[in-house]
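Two complexes, one shared chain (chain A), two partners (chain B, chain C).
Then we have the complex of A and B:
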């Protein structure tokens, strides 16, 4: 058997490999279920029904998919430049904090103004959190993986602090319930994001914004000089510097863009779904990490990210719906991990060609040399 | 200064909280020294924690034996997780960062460890057997050094042994030198006849086993029970710790106790009725990691301080 690098990557492979990966992951997941004494087909059917075909399931799936689309775009934008921002989680928290603040401050403004301000504030909050690892990476060569990750914990703790450990502006202090259990102030009606129902499928504003942003990101990366330079830097930063591209600024800019995308996701959590700053709910959900799965699976393509967010959102939605004693907890994480493993393993077939052939008996070193001419 | 004073309390419980970090960081040093970055530590620790806990709950033999078995099971289970990573990144040449993250998602909170904890019905019950502090009270009650040095569990003393073993291994044994060669220049190591693939596999797996023991330190000693996501990010701190310690096992010891002490600080302050927000104090270890990373991250510092040159790069003989 020989493994050799492909000179060209055929286009069909980038569709077939993820599809095979998902199929293989389902098989492996079924094996896990079987070994631990669950009925795989039944579990998967329940998973599928709860995700897509049950009444109202599709609308609930869109609710789960919205934050994943944002964090998926966040990871895709940065990873495409070989910038491993795994701080989508913290950047989403940052956006949720600033978004909720804007929504509460603008209680008496007309709704479009308040919502627009929330989007901008969320983007700014997320970008601010991402700017720290971005700046450190660009100007001090600090590994962005660890710093962005550490900030997830820092911002998560600040988020919890704001509601649980201090009487901040964002915390509800009046009312009996709020005395017993700390919670965020309910956002005013003007800060509630609208949603539209099409054939019984509820589409929240956040999901449409995410889809629009996916298009914008595609345009930015495929059609502008900025995007071209980003991709050159991603492929070879030395070549990019030699060509006179400003790699440091670009690192910072891409990090901020990436954080802003996650931050808008945070604001959408406030405005679309939770209607208050909800530390427990946000920190428990793990949107940021799931976003990385989506980005990697979609090979950093923004449209693929939105589609996959829908699929994975279905999985997560089913996970919540089926949260009961008779449905195996943790199955969703196991499935996410398996899909990612299979997609990663499949990557070798995209980049390399595996050849099965008999080794020439006389020349044991043939594997190292080019094909002998006949 | 009495044994109940703040400083003694912080240091002695800091040693405790630092121990799982130390095990996991030692394991990560082994893997990274051969050039394999494994970001799946958190997941491996959680799987180790849950399987170790399962052993003490379900297997009925003497307390000492069952605890030893639990450590073995934890190490094996986590090593199996590391094997997945090794297969993906060494054999299939996958991106080490994405693969490590995938491992944490697969095995960590909300993944396999939760699945196992739920399926084996482990949450909610206290441990049937747990590690205790074995040394006589006369030693434990000594002023200052008593609680810090003698009031610890076997796991702490064993971790010191592991530090020495890993340090000696990497510095003075042939295999250890070969392992470092693989991490610095796999092509040169290959030319010398060192089996790069085998070294990377074995060290990644050994690293996983140590991470599993670190996880079991939580479930069998520190918080002797199983709850979902028990380690609360310790795996990530361990990864930062490796950089903090410049990839040296002995520095890992110091760093682990420093981070452990920061984790212990809010509890110690609470015991002394000092009210500072626990949430904010808990940000210190994470923020400190960022600061330290900045300090050691200039290219010159990295080269001097020993980052393996081939860290994170797959080795393909035909493409060197």
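Then we have the complex of A and C:
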């Protein structure tokens, strides 16, 4: 048996491999259930119902999917250029902080103004956080994976500090409850993002913004000079330099764009769902890391990111609703892990193919015969 | 060690064609040849990396079958590669130990003291000054090379192959290396010294075997040989060059001037020293030289890809800032890089994208920030027809094209940009004959249209067939300049191998 590199990657593979990966993950998950004494089919059916088909399930799934779509786009945008921004988590926090600040400051403005300002402030906050590793990478050639990852903890601590350890503008200081347990100031009504109900499905503004941004990102990358440069730099930075592209600026710009997307996700958390700056909830959710998984599974395609955010959101949502004694609580986590494992394992088959052949008479020497150099 | 009738074929080329070679115990034997003469293939055969298609290797009169590099090491054949194989964070002693494959000295426990002592002993005996406890990344390139030699000595290699060992050394370091080589030979080891520099071969070798076009053309005693006779063997012909009869052109305007340019190479050492040359409109100036003597760096410095330390690149009298490819492109410098796929072309992007790699910023490829995709495709399809690029369509990724077609895409892009200057670095390397002719035709056509062409090539035939003037580079300097008409091949060969130094 030999594993060799594929010269061409047939198009069908990029659909078949993820599908097989999900099927395999389901199968393995079923096996886990069987071994632990649960009924696999019944458990999966309950999972599916809770995620998508039960009353109100779809609306709840959209709520879970919205932040994942933002962080997924954040990762996809950067990964396209071989820029591994692992800092979606911290950039989302940054956007949540600036977004909440804007919402509180503009308490007496008309709602569209306040909401618009929150989106912009969120984008700016996320971009600002991402600009740090971006700048370091572009001008000092540091590894952006490490700097962006470490910054997640820094921003996470700033977030906690603002509510728990100081009497900041963002912290609620009045009222009995706030005295006992620190919490963020409730955002004014003008800073509450609207949502629309279509056939019983509640669509929050944030989800629509994410879908719109996915479209915009696609257009940016496929149709503009900016996107063309990103493609060339991602493919061969030496060719980009040869063609006179300003690669450093582009690195900084793409990092900021990536951070801005996660930052709007943070603002959407404030405006759509939490209505205050909520350090506990945000740091516990791990949206940024889930976004990386989604971007990888979606092969950095912005539309695939939105669809997958919906799928993973469903799984998470089902996890919350089914938390009870009679349901295997770990199943959701196990399934998430298995899907990721199978999908990444499947990548090997996209890039390489396995060939079975009878053993050659002199296998070792044949294997050592190198490629002729031209 | 004796090689008899060694033949190695690769698809389309015979890299070694019945090579005869013989080195005695205690001899320093030089392998001399131009790039592509088959030196590397031969050393790969000796170290067990390739298996010869025909012929046999004898060691101390016994036939030797090398199935794998391991077999060569076991037989006592060690090679010091041009690019070192060292583990940077490890110490000298650790690297030496790592390379030792002999079963006898293998043990589960590592005794660093013993290794260090032995390394110190060896380095004293052969004049290889290096601290066994130093870590590789702390060492200069010359010291790293000594570690490579120590690795071979530690495992008691009987035959040492040194592949262009002086390429990374200063002249003083090279002299020290020659003494080490003599000392090793005096101890009964056989040293095979691969080089294309005539004065080195004269300085260190007992005998010289010259390879040309994959064949061994002769073995001579180094003492009897002169640089001139070696150059003739190496370049290898009484040359009669067919070139278009030089119609007398009146001196045209100088379009490109390189004035006193110095620049650093990839390793941070100086690669260009005070290079000055000029190209007139409609003229083809060739830069001749053995690979690695600064030609690539020169091309990159002109194209703005490589920063310039001092000096000026001037286009039509106006100095460029240097180190800015976009400025060079705007000034009308087209650059055909040596590395087509990866520098000249983005491999996974389509032909259409690659065709507008430099012109995507302007109309007609884009309007404002938007790319006009259908216009780009049409433009690419048109160029593919005009330059005869054989591919299913403009959407095919560049990496799926053959070498010749890749080069046509690069040429199509560069020539269609209406340049004033074309810098072409090894534009025909690796191409088949018909593709080479196409490339030559395009270069000639460009010159006849008044473009100044700077052709960088290692192939003297190519240079003599195309160039009006020839500039020879050696170790980052301009060694000499000749009119192509009436140029003496032997003299050029001598200049390429170090000129005055070699005489």
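Methods note: the second predicted complex is superposed on the first by the 349 of 374 C-alpha atoms of A that agree within 3 Å, B and C clash if a C-alpha of one lies under 4 Å from a C-alpha of the other, contacts with A are read in each partner's own complex, and residues count from 1 in each chain.
The rule is short, and it goes like this: a contact is a pair of C-beta atoms (placed from the backbone, for glycine too) under 8 Å apart; a residue touches a chain by one contact, two chains touch by 3 or more.
Being a predicted model, the structure only gives us computed values, none of them experimental.
Student: For A:21 in the superposed arrangement: first (chain B), second (chain C), both or neither?
Tutor: neither
Student: Would you mind checking which one, chain B or chain C, touches more residues on chain A?
Tutor: The partner with more contacted residues on chain A is B.
Student: First (chain B), second (chain C), both or neither: which does A:241 touch?
Tutor: Only chain C; A:241 stays clear of chain B.
Student: Examine A:213 and indicate which partner it touches, taking first as chain B and second as chain C; both and neither are also allowed.
Tutor: Neither partner.
Student: Once the shared chain is lined up, is A:187 touching chain B (first), chain C (second), both, or neither of them?
Tutor: Touch status of A:187: no partner.
Student: Under the contact rule defined above, give the chain A residues that sit at the interface with chain B and also at the interface with chain C.
Tutor: Comparing the two interfaces on chain A, one with chain B and one with chain C, the shared residues are 368.
Student: In their complex, what parts of chain A are in touch with chain B?
Tutor: On the chain A side, the touching residues are 4-5, 32, 36, 84, 86, 132, 136, 140-143, 145-147, 149-151, 153-154, 157-158, 160-161, 164-166, 286, 289-290, 292-293, 296, 328-334, 336-338, 340-341, 344-345, 347-348, 351-352, 367-368.
Student: In their complex, what parts of chain B are in touch with chain A?
Tutor: Contact set of chain B toward chain A: 39, 84, 88, 92-95, 97-99, 101-119, 233, 236, 239-240, 243, 277-280, 282-283, 286-287, 289-290, 293-294, 297-299, 318-319.
Student: Show which residues of chain A lie in contact with chain C when the two form their complex.
Tutor: The touching residues are 7-8, 223-228, 231-232, 235-236, 238-246, 364-365, 368-370, 372-374.
Student: Flag every residue of chain C that touches chain A in the complex, lowest number first.
Tutor: 10-11, 15, 40, 49-51, 67-68, 303-305, 324-329, 335, 337, 339, 342-349, 353, 357-358, 360-361, 366, 369-371, 373, 400, 403, 430
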